[in-house]
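The structure appears right after this line, and notes come after that.
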Amino acid sequence: MDIILELLSWGLLAVGAIFLIIGGIGMVRLPDVFARMHGAGIIDTMGVGAVLSGLMIQGGMSIVTIKLILILVFIVFTSPTATHALARAALHGGVRPRNNEAPEEDTSQGGSSSKT
Amino acid sequence: MMVAVTLAVLVTMALAVFRSILGPTVYDRILAVNAFGTLTVVLISVYGFLSERPEFLDLALVYALINFIGTIAVSKYVEFSHMGRPTGGDELGDI
Amino acid sequence: MEFLGLINYWIVIVLMMTGFYIVIAHDNLVKKIVGLNIFQVSVFVFYITMAKVEGGTAPILAEGITTYSNPLPHVLILTAIVVGVATTALGLALVVRIRDAYGTIEDDELENQEGES
Amino acid sequence: MGFMAVIGFAVARLRNLFAVVMLTGIFSLTAAVLYVLLDAVDVAFTEAAVGAGISTVLMLGTLALTSSEERVESTGGSRWALVLVVVTGAILVYGTFDMPAFGDPTAAIHHHVAPYYLEKSGQEIGLPNVVTSVLASYRGYDTLGEVFVIFTAAIGVLLIIGRPQFGRRRSHRMLVGELHESMRTNVILRVVSKLLIPVILLFALYVQWHGDFGPGGGFQAGVIFASGFILYALIFDIDTARTMIPARVTRIFLCLGVLLYTGVGIAGFFMGGNFLNYSVLAATPVSGQHLGILLVEFGVGLTVAAAMISIFFTFARQEH
C-alpha cells in the first residue's frame, strides 16, 4: 500500500514537472498573447495541480495536506480569474488574436483559455 | 525526485523571465509575472518538503493570495489608463 | 573554493551597482526610485547572506534541530522591508507633487525650469 | 541569484516605465525565493506580502498620475556614471576578499549576541519563533523605532499629497476608470473577489496571532490585511471602499497601534520593570513575555495596516 502511494506521488510529481516545462516552452514559443495564455494555463492547472497533489500524498493526513489543499483551491480560483481579467484588458486594449476573426469569438477564446 | 521537480520549476521560471523581458506587449509581461508568481508558490512548497520544514507552506499561501491582487491591479491599470496605446512595449527595443 | 564562497557577495555588488547606476544616470524620477529599490534589495540580500549558516535551517525552534541560521539579521531586514515600502511611498508622493508643481518628472527639465524662474 | 542580476540589467535598460514596474515585481519574487533558500522565512514572508501586492500597486498609482514613458535621450554624463559605477564596484569586490566565506559558522556575525538569542529565548520567552521574540522583546526599541518610521511616512504621504482639493474637479480616476465599464460590471471578477476577500482578511488574522509559533507577525499581517482592502477598492471603486473604512477610522488606528506599543512599554514602568520589559506584565516572566509580545505585535499590525491603507487611498484619490 505504501509502495503504491509512493509510486503514485512520484508519478504525479514527474507529470507535474513535465507539464510545467511544457507550459513554459509554450509561453515562450507561441505567437501572440492569447495563445501564450494557454501555456500559462497549463502551468496553472496541470503543472501546479499535479505537483501539489504529489506533495499531498507525501504529506499524509496532517495540517500540511490541509494547507496544500487550500493553496490548490486558491490557485484554481484565482488564476483563471486573473487570466480572464488579463484577456479582457488585452482585448479592450486593442490586441487582436492573430487569426483575425470576429471579436465575440475571441472573447470566448480568451476566457476559456484559462480553463484548458 | 524533489530535486528534479525543483529544477523543472527553475527552468520554467527562466522561460517566464525570458518572456517578461522580451515580451512585445504589456500583456505578455503581465502574463509572465503571473505565471512566475504561481511558479514561486510551487517552488516554495517543494522546497519546504525538500528541507523538511513544512512551515514554509504559509508563505506559499500568501503568494497564492497576493499574486492575484497584483495581477488584477495591473490589468485594471492597463485596461483603463491607456486605452489608446495598446502595445506599450519598449519602442526602443534595446534589450 | 574560496572564490565560490564569495560569489554571493559579488552578485550583491553587481545588483548594488546596477541600482546605483540607475540612480545617477537616469533623469526620470520614478526610475530613480526603482533604482533605489534595487539598491535596497541588494543590501537586504547582503544581510541575509551573512546570516546563513552552513547546514542550518530557519530559526524556528523545533525538536531535533540544533543548527539554526542567525535570527538577528532577519529581524533587522524584516522591519526594513516594510519601512522600505513606506519610504518608497513617501518618495513616490514627492514625485507626484513635483509633477503637479512643474509638469514634468525629468530631472534636467526641472533644473532648467529652476534656472529660468 | 543569476536571475536577479539579469533582471537588474533589464530594468536599467528598459525605457518603458510600465515594463520596469512589471520587472520589479518579478525581481521581488526572485528576492523572496532567495530569502527562502537562505532560511529567512520571516523575511521572505514580508517580501511576499509587500513586493507582489502593495509596492506594485503604489508604483502603478504613481505612473497613472505621471507619465509612463521615460524620455529618450543620449546623455553624455552616462559614460562617466558607468566609469564611476565600475570603479566603485571594483573597490567593493576588493573589499569582499576579507569577508568570511558563505555559510561559514565561524564568521564574526554568529558570535556576538545571536547564540544567546538562540539558546535562551526558548526558556526566557518560550516562543518557538526566535525571530518574533528577538523582534518584539530583545530588540523592542528597534522595532518601536521602525513602527514610528512607518507612522511618520504615512503622515508624510498624507501631508504631501493628501490635501483636500478644494475647487478642483473631484474625479477619482486612477484605478477606478470609467465606472460604467469598470471591473464592477465584470461578474466573474466580482464573485471571485467576494469569495477571496474574507479569506485574505482571515488569513491576515491567522498570520497575526500565529506569528509567535510560525513565520509571521504584525508587519506581515498588517500588509496582508491592507491588501484585502486594496483588492476591494480595485474591484469595486475607491469611494465604496472608502465608505467601508473611512479616513477617520484609518487615522485612529494608525495612532492607536503606535500608542498600544508605547503603552505596553510604559505599562512595564508601572509594574516595576524597565521600558519595554514584558516580564513583569503577568504572574510569571514567561507568560508576561507572551502577553507583551502579543500586544506589541498587535500594535505593529494595526499601524502597518492603517498606514498602508491610508497611503493607498491617498494615491488612488489623486487627480490625473
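Order of writing sets the labels: A, B, C and D. Residues in every chain begin at 1.
Criterion: contacts are C-beta pairs under 8 Å (C-beta built on N, C-alpha and C of every residue); 3 or more make two chains touch, one makes a residue touch a chain.
Not measured: the values here are computed from a predicted model.
J.: I need the common contact partners of chain A and chain D, sorted by label.
T.: B
J.: Give the chain pair that accounts for the most C-beta pairs in contact.
T.: Ranked by contacting C-beta pairs, first place goes to C-D.
J.: Mind checking the centre-to-centre distance between chain A and chain C? Centres are C-alpha means, answer in whole Å.
T.: 32
J.: So, what's the distance in Å between the C-alpha centres of chain D and chain C?
T.: 13
J.: Where the centres are mean C-alpha positions, what is the separation of chain B from chain D, in Å?
T.: That pair's centroid distance is 20 Å.
J.: At least two partner chains per residue is the criterion; list those residues in chain C.
T.: Residues 57-58, 60, 62.
J.: Which residues of chain D are in contact with two or more other chains?
T.: Residues 41, 63, 183, 189, 196, 199, 214-215 of chain D touch two or more partner chains.
J.: At which residue positions does chain B touch at least two other chains?
T.: Counting only residues that touch two or more other chains, chain B contributes 13-14, 16, 26, 30, 32, 53, 55, 58, 61, 65, 67-68, 72, 76, 78-79, 82.
J.: Touching residues of chain C toward chain D in the complex: what are they?
T.: Where chain C meets chain D, its residues are 2, 4-11, 13-22, 24-28, 30-31, 34-35, 37-38, 41, 44-45, 48-62, 67-90, 92-97, 99-100, 105-106.
J.: Help me check something: in the complex, which residues belonging to chain B touch chain A?
T.: Touch residues, chain B against chain A: 1-2, 4-5, 7-9, 11-16, 18-19, 25-28, 30-32, 34-35, 38-39, 41-42, 45-46, 49, 54, 57-58, 60-61, 64-65, 67-68, 71-72, 75-76, 78-79, 82-83, 86-87.
J.: Taking the touch rule as given, give the residues of chain A at its contact with chain D in the complex, in rising order.
T.: Contacts found on chain A: 74, 77-78, 81, 84-85, 88.
J.: If you look only at chain B, which of its residues touch chain D in the complex?
T.: 13-14, 16-17, 20-21, 23, 26, 29-30, 32-33, 36-37, 40, 43-44, 47, 53, 55-56, 58-59, 61-63, 65-70, 72-74, 76-82, 88-92, 94-95
J.: Would you tell me which residues of chain D are touching chain A in their complex?
T.: 183, 186, 188-189, 192, 195-196, 199
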